[in-house]
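In this document, chain identifiers A, B and C correspond to the written order of the chains, with residue numbering beginning at 1 in each.
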Amino acid sequence: MVDPRFYRRGDPLSLGDIAKSIGANLANPETSDRSIKDVASLDVAGSGDLSLFYHRRHVHVFAETRAGAVITTDVLSRHARPGMCLLFASDPRLAFAQAGYMFYRPPVLEPAIDPQAHVDSTAEVGPGCRIEAGAIIGPAAQIGPHCHIAGHAVIAEGVVLGAGCRIGANSSISHALIGARVEIGSCCTIGGPGFGFVTGPRGLLRVPQLGRVVIEDDVSIDANCAVDRGTDGDTVIGAGTAIDNLVQIAHNVRVGRHCAIAGQSGIAGSTVIGHGVVIGGQVAISDHLTIGGGARIAFKSAVIRDVEPGMSVGGYPAMPVRLWHRQTAGLARLFGRRGPTAATRLSALDMAET
Amino acid sequence: MVDPRFYRRGDPLSLGDIAKSIGANLANPETSDRSIKDVASLDVAGSGDLSLFYHRRHVHVFAETRAGAVITTDVLSRHARPGMCLLFASDPRLAFAQAGYMFYRPPVLEPAIDPQAHVDSTAEVGPGCRIEAGAIIGPAAQIGPHCHIAGHAVIAEGVVLGAGCRIGANSSISHALIGARVEIGSCCTIGGPGFGFVTGPRGLLRVPQLGRVVIEDDVSIDANCAVDRGTDGDTVIGAGTAIDNLVQIAHNVRVGRHCAIAGQSGIAGSTVIGHGVVIGGQVAISDHLTIGGGARIAFKSAVIRDVEPGMSVGGYPAMPVRLWHRQTAGLARLFGRRGPTAATRLSALDMAET
Amino acid sequence: MVDPRFYRRGDPLSLGDIAKSIGANLANPETSDRSIKDVASLDVAGSGDLSLFYHRRHVHVFAETRAGAVITTDVLSRHARPGMCLLFASDPRLAFAQAGYMFYRPPVLEPAIDPQAHVDSTAEVGPGCRIEAGAIIGPAAQIGPHCHIAGHAVIAEGVVLGAGCRIGANSSISHALIGARVEIGSCCTIGGPGFGFVTGPRGLLRVPQLGRVVIEDDVSIDANCAVDRGTDGDTVIGAGTAIDNLVQIAHNVRVGRHCAIAGQSGIAGSTVIGHGVVIGGQVAISDHLTIGGGARIAFKSAVIRDVEPGMSVGGYPAMPVRLWHRQTAGLARLFGRRGPTAATRLSALDMAET
């Protein structure tokens, strides 16, 4: 299934070793020595593949799979054919993802500084780094150990990267302190000036932008994002937060830990996002708001007021999801034949895999 | 009109030769030898220019144009002044575009691999390619004949490009199989990891992203777009599809052939778009949906349900356009003085020229 | 407060000199010799710092600040503690911004063309320019004096830059005439082909895009933006206009002078924007519209009709803001318990500082 031009598969593993590593239990302990050589989805898996069955909507595919072993739950296992080789896990999707990484480890790049990279003589580069052709490391920048800086990435003066960071091609990072294991995709701009202006005698005058971007450990920021630095303090992305493509984080924003922000969303200046907030795609959150921890924002919402912790909101302007559904359904009754039911689809956050 | 600093005009052509090439008919065969040296819009065209009259709203400009010849239709020609030199075409805009390319051919770049380009020794580069300074071609990449790779573009390991592709400056392409004559603008990220996560013991864990991007022949993707690779299968862009700037195509999405997707739209994970679908600007389409062939999505809509083939939808959430108009007009009657008529403006797709 | 890794502070200044430069008046002329070494916000300022009090909502912080001097207005000064050192300005925020630039001047970069830059032999580079590693300056390009071209920026053939421009890393500029003191962020694409197609025998055919981008003096365009060139005329950005991150300006658009366009907004083809228009974040403006001078567009609006000069509009579709409020409130009464009040938040434009 997986194209060997792009991915290197590791050696076969015994089912017992896999189960142990991912915290799953073998339905039949006698299958422990079975050799597994790959992971694959139910429809294409063969006798050497480990697969995943986590939701009843896939029951028909499960019934006919040729997978050598399947991770599922005890409850779902009643749909199994007799003799199927099963592993039980409390969260089968997590277990399957972990198994995937046993076969497809992120490539270990040979440490090297390409002779065509531009590393300032005052920059510090830790051991084990790989710095590709065209990458620019500015004066006094500090690159932690085992970082990967891809081609033409620009790490400006004074920027600090923790251990094990990966910076994508053609990205530009300035005015930033970045923790460990942070992954930034291609064509991102981290640390640009915030969009804050006053009206002066000759038109708009940008307020001096003298702050920083602080990105905590284990954050991932995907492609083509823009994160502005603070005005006089910091723009902060909390540990473990994941940000999709083409997202805008404005100056002075503080995003909490373990948030998920889907593609093309934007958070305006000085807004504070709590921990564990889930934000759908193309959401706009206005400036100077507070979004409580654990809140969920439906895709394409326009948030113009504070959101309380744990609340789900949606709509334009955003309101509690139930209220939004009531309005949408009411409108359809008033003016339509058959109105849409406005299923809010928080799943639009696209946290799930096919 | 056209600035010679940026465009090279070809030699003058006879009107007869132009008509023949673009499939138009001369209203008066005696004008066949007239020499045409350029294309220009009605208001600025002079006696050596070929121009275009395709819509009645330009009738006044047409009446006063000094163009040496005008492409139009038989029906519209009744607005002509006596003695005007006309060409008839079934689709005057197509004919005029084709004529434009007769004078302004895409520049033929001298084949060369810039000494400052970084081409891996295991990459294959076909004949006739031009690879600019700073471009990086990774191990085992295959670049078809007559491709143009602009400055600092990064073509990662194993990527395949067909014949005649053009890749813009500072773009990054990985995990991708790309057909012939594909054009990708500047600052695009093709093949980044999809935004799929499970919750693990230490926070969000990205599901292994082991798929590819497959871009079929004759696709154009403009500037600053992000197309994620599939999770374990492919993200696909069908042949002849055109994608505007700043568009997000999430993992596992399948876009059909000959679609048009306007700027800043986003398609969430695993959604399937049929052939010939037209999507306006800033549209959001949720995940795991099916949009039928020939559907039209009005600009800035939020699509949260499947759309049937051929249907026109708009709104937030999106609904059949007529229903949306009825709701918008009804709301205006209920609460407004004079409501907006919500002219849906599928023309917002900006497929038309001024 | 300000991190010396990223910013160089100038020498201390006397309060009198500062007041004179920024057009403020000392409340007590005897404080003229007081030495000020930095600017800081009220909550963190110390005895050597100049601070700002411009709005009553910060009155409690003002009451307890330890700042050495504070810029405010005569009216607000009644909240001062006895003995506080004050400066009066008609626009305290402007005065404070100007004072900030007295301490933090944009870094004066030593003129140099990096030996790793690629400057075509037919390009003209004015005196005092700094051109970083990897930058590409194409044939016949003209770079005015004192420009800064950051790493890997690509300035294509024939492009003209006026004096004192700053072009961010990894940006790509083609088919463009750019005035003086223009600042363009990282990862921008200026001059890409417009999204205009006709349907031909083999699918979509792009209309020849033979125009330019004209950017007038003192424009700022932040990170990851895309500005397409005109079809046969110009796409124009008027003098002094400020554009935030991830904005799309389509072909043939004309933006007036001194406009502000917040992040992720998009303006479709051939639309004309007057002078002094303020556009919030994630706004979509349809094609071929006219937005009158001084209009204000609320964040995330969908503009599908012309907007009269000076008007404030919002909503989906956009309508006069009052009408939008009435509809939103009316819907809430009809279908909700407590509806949102839909405070439009033109402040969402994020023109203000925290």
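Everything that follows uses one rule, which is that a residue touches a chain if its C-beta (ideal position, glycine included) is under 8 Å from a C-beta of that chain, and two chains touch if they have at least 3 such contacts.
What you see is a predicted model; the values in this text were computed from it and never measured.
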Numbering shared by both copies at the chain C-chain B contact, with half separating same from different: different
Degree value of the rotation bringing chain A onto chain B, based on Cα positions, nearest 5: 120
Between chain B and chain C, centroid-to-centroid distance (C-alpha), Å: 29
Junction residues of chain C - those touching two or more other chains: 134, 152, 170, 187, 224, 246, 264, 282, 316, 331
Footprint of chain B on chain A - complex, ascending: 1-3, 5-7, 39-41, 91, 93-94, 97-98, 100-101, 104, 116, 132-134, 150-152, 168-170, 185-187, 218, 220, 222-224, 239-242, 244-246, 257-258, 260, 262-264, 281-282, 299-300, 315-316, 328, 331-332, 334-337, 339-340, 342-345, 347-348, 350-354
Partner chain C, residues of chain A touching it in the complex: 118, 134, 136, 140, 152, 154, 157-158, 160, 170-172, 174-175, 187-189, 192-193, 195-200, 202-208, 210-212, 224-226, 228, 231-233, 246, 248, 250, 252, 264, 266, 268-270, 282, 284, 286-288, 302, 304-305, 316-319, 323, 326-327, 330-331
